[in-house]
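Below you'll find a set of structures to go through.
Below are two complexes that have subunit A in common, paired first with subunit B and then with subunit C.
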Partner chain A sequence: MAVVLGTLGWVIGMAASPDPMAGVFGLVIALIVWMILAMVSFTGGDAILLASSKAVPVTKDMHPQLFNVVEEMAIAAQLPVPKVYVINDPAPNAFATGRSPQSASIAVTAGLLGRLNRDELQGVIGHEMSHILHRDILFVTVAGVMLGAITLIAEVFLRGMFYSSMGRRYSSRGKGSGQAQAIMLLIAIVAAILAPIMATLLYFALSRKREYLADAGSARLTRYPEGLACALEKISQNTVPLSVANKVTAPMYIVNPLQKEGMKLSDLTSTHPPISERIKILRSMSGASFIDYSDAFKKTTKLTAPIPSSALTAEKPVSVRGSSSPQTSATAKSQQRSIGDIMFKTNGFSFVNCSCGLKMKIPPNFTASQVKCPRCGQVLPIS
Partner chain B sequence: MDCPACKNPMIVLELQQVEIDHCVACGGIWLDGGELELLLEDEKRGKLLIDSFKQAQSSKERLRPCPICLKKMHKINAGQENHPVIIDRCPKGHGLWFDRGELSQVLAKGTLDKDRKIIKLLAEIFDKDKCEAKNDS
Partner chain C sequence: MFMKIFLLLIVAVALLIMFVIGIYNSLVGLRNRVANAWSQINVQLKRRHDLIPNLIETAKGYMQHERGTLEAVTNARSQAMGAKSVAESAKAEGMLGRALSKFLVTVEAYPDLKANQNFLALQEELASTENKIAFSRQAYNDEVLFYNNKIQMFPSNVVAGMFSFAKRDFFEIEDSAEKSVPKVSFGN
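== the complex of A and B ==
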């Protein structure tokens, strides 16, 4: 991707002036743009991403189970406990961000918390924890920013071309170099169009590989691949798109948040491997180690697993544990309600409990100082 | 969330783990996407009911914005051909809007609500409301 960025800078520089030094100058400019963006993302990238996803930090007493699971996975991965955020969105999804395991954050949506049981939540948190463990979080931030830089430079050049084409006729230059420059200009236009596309494809290919690796890591950390498989199944049944996601943040999430229903998952532009394939691999694992994942991967896809061989050689077998949380529809409902209540509280709702059993949740912009219970007609004050 | 009909802030009501958004001013009910299925306690029956909804041919009702995405909602006929109940549905699937009394009319249809549990529940929640509405008129 750095190559694509450098080439783009060089070609645009060459197009701007016939001087051979101009190419180098363009390259330097491109690198400077990237460095500024990289520095911003390195120091405050996670904060920007979290803010743009409207994630709110949660405390331990708000959702003890989530904290419990996160702590458990942090211990299993031998990492410090990351900060935990919740996104108020009904679409189930999760992501991890930060520049190092010491300053990592995990964000999950309210929809995810409301729908998954403990085992499944553990699978998802394990997946995010292995993203942190493999330093994918830094990769996504840096690669995402590089993609941003490439797009930015190409865009500025193309727009600049468009607006400056009228003024160009006034500049007087030698005829010979003018022709060479025209050719260079043509190449620059083509490069400016192709570079963002190529960079995007590279970005996507890299992030797909990392999803498989994080799945394998989750299976190993939880010793229960079925948990993640079930979670992925539940997440894939969702039809509501995540409203806070965009093209650059999409690869961060556990499943592609921009996926439209009925769209074919396995194509070149997908940031994530097809969910059905991920589930199949997880379900055909005989143990919970990287070797088992690698074997299951080969069986399902007929390709070599994207797991470094160093991880495979020095590994002890990990056995699969049993399921721990049976779930009935009644608990699922109350779970969804309790998550909803947490989100209401973070959004400044006040709660009024009527003696007849009806619970009222009053939004902060409700102006009246009292509310009449629609069930029993009692007038209750809003605290 | 603000009421799509009269723009007043809606309050959230919860009874026996059924949660609905209710407008105190106009008595309408907003159900988030998937909330109707939860209400029916059966995804299959919920899906059956939602699949039976048809685009209303012509409706004199004013188009209302979805309280979540502010997109104009579609008018949907949730009743029978000869006895239409016109409700609003968000084109993006954020939820359904029922004017006062429409939800019980929709649920009363056919054998969807066999034990009439939901109607009873709704009646229980809005019993007082309806009585007062009668008294008012």
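== the complex of A and C ==
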């Protein structure tokens, strides 16, 4: 990707001026743009991402189970406990961010919390924790910013070309150099169009590899691949796209938040491996170690698993544990209700249960210490 | 000529010392990680002991006919807390784990208790603590594997022998019933 960025800068530089030094100048400019963007994203990238996803920091009393599961996975991965955020969106999804394990954050949507049982939630958090453990966040940030820089430079150049060509008067230059200049200009235009596409494809390919690796990591941390498999299954049944996600943040999520139901994206242009394949690999694992995942991967895809060999050699067998959640599935109505409750809670609402069975939602700006039940007239204290 | 060889020798010795210092420091770091992982297990076991009285207290009112199950948990807890040696503690904790899982299975028959918000919260805490115990044991074993490998592999084994770094034992669960995490279910 760095090569794509450098070439783009050089070609544009060459097109701007016949001087060979201009190419180098363009290259330097491209690198400076990348460095500035990288610096911004290193110092505040996670904050920007969390803010743009409308993630709200939550405390333990909001959702004790989520916090417990995050703590469990932090213990299993031997990392400090990351900060926990909830995104108020009914679409089920999750992502992790932060430039180092010490300053990492995990964000999950209300839709995810409402739909998954404990084991499935653990699988998803395990997946995010592996992203933190493998430093994928750093990778996504560096590569994502590079993609951003390439897109930015190409865009600025193409727009500049468009506007300047409208009112351009050709100056009296030497004919020979003018022709070379024109050819260079043509190459630059082609490069500016192609570079973002190439960079995007590269970015997506790398991102897919990282997803498989995080799946393997989740299975190893939770010792229960079925949990993540079930979670992915449930998430894939979802039909609502996540409204707060965009093209650049998409690879951060556990499943592609932009892919619509029934839409078949070709392998090359997808940030995530097909969910059905991920589930199949997880379900055909005979144990929970990286070796088991690698074997299952080979069996399912006939390809070599994207797991570094260093992780495979230093492994001892990890056995799969039993399920800890009952296999009963909640009804769609109760799921919707619990998603709604989580969203209310994230917005600062508190709940008061009346003995008549009514559940009152108290908005955060309600200041009185008591509330009257609208159904039975009982006056209840607000805790 | 002689000076040159002498200087070369000094440089070689200095490099060797720096190399040994580096290995020594990494060994100390690993040993501390093992110790930390071990104390993590104890933190979680302590938390389990702290949770039980509240849990039993809440359950008592609903489960008058299950006195035996409740007492088994309370007794196992006090035994585990009074354990002196590591082996004794491991055995007592195993017993406590089994008593707890039996208790949690019994709870399933009491829908009133399962509707109690306070009890549900305690149950979630207990389930999480059980998981944390299992995960911290796993993490401890991972650290021990890494540390033992380092001690036995060349060249760090030489340094480990010089400063007598001892191999650590894995946490093995002797009972097959203990091998699986106690089942805690969350009916809703």
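The definition used in the following text is that the second predicted complex is superposed on the first by the 325 of 383 C-alpha atoms of A that agree within 3 Å, B and C clash if a C-alpha of one lies under 4 Å from a C-alpha of the other, contacts with A are read in each partner's own complex, and residues count from 1 in each chain.
In this text, contacts are C-beta pairs under 8 Å (C-beta built on N, C-alpha and C of every residue); 3 or more make two chains touch, one makes a residue touch a chain.
Computed from a predicted model, the values in this text were never measured in an experiment.
In the superposed model, A:R118 makes contact with subunit C only, not with subunit B. By the touch criterion stated above, A:Q78 is placed in contact with subunit C alone, subunit B being left untouched. In the superposed model, A:P64 lies in contact with subunit C only, and not with subunit B.
Within the superposed three-chain model, A:H131 lies out of touch with both subunit B and subunit C [touch as defined at top].
Look at A:S334: by the touch rule set out above, it reaches both subunit B and subunit C.
In the superposed model, A:R99 makes contact with neither subunit B nor subunit C. By the touch criterion defined above, A:R208 lies against neither subunit B nor subunit C after alignment on the C-alpha atoms of chain A.
In the superposed model, A:R278 lies in contact with neither subunit B nor subunit C.
Residues 334 of subunit A lie at the contact with subunit B in one complex and at the contact with subunit C in the other.
Contact residues on subunit B toward subunit A in their complex (touch as defined above): 1, 9-15, 17, 19, 22, 24, 32-34, 38, 41, 69, 93-94, 124-129, 132. Contacts from subunit A toward subunit B in the complex involve residues 90, 239-240, 243, 329, 333-334, 336-337, 340, 344, 349, 357-363, 365-367, 371-377. Residues 64-65, 68-69, 71-73, 75-76, 78, 117-118, 122, 221, 223, 314, 316, 318, 321-326, 328, 330, 334 of subunit A are the ones that touch subunit C when the two sit in their complex.
For subunit C in complex with subunit A, the residues that touch the partner chain are 37, 40, 44, 121, 124-125, 127-128, 131-132, 134-136, 138-139, 142-143, 145-146, 149, 180-181, 183-188.
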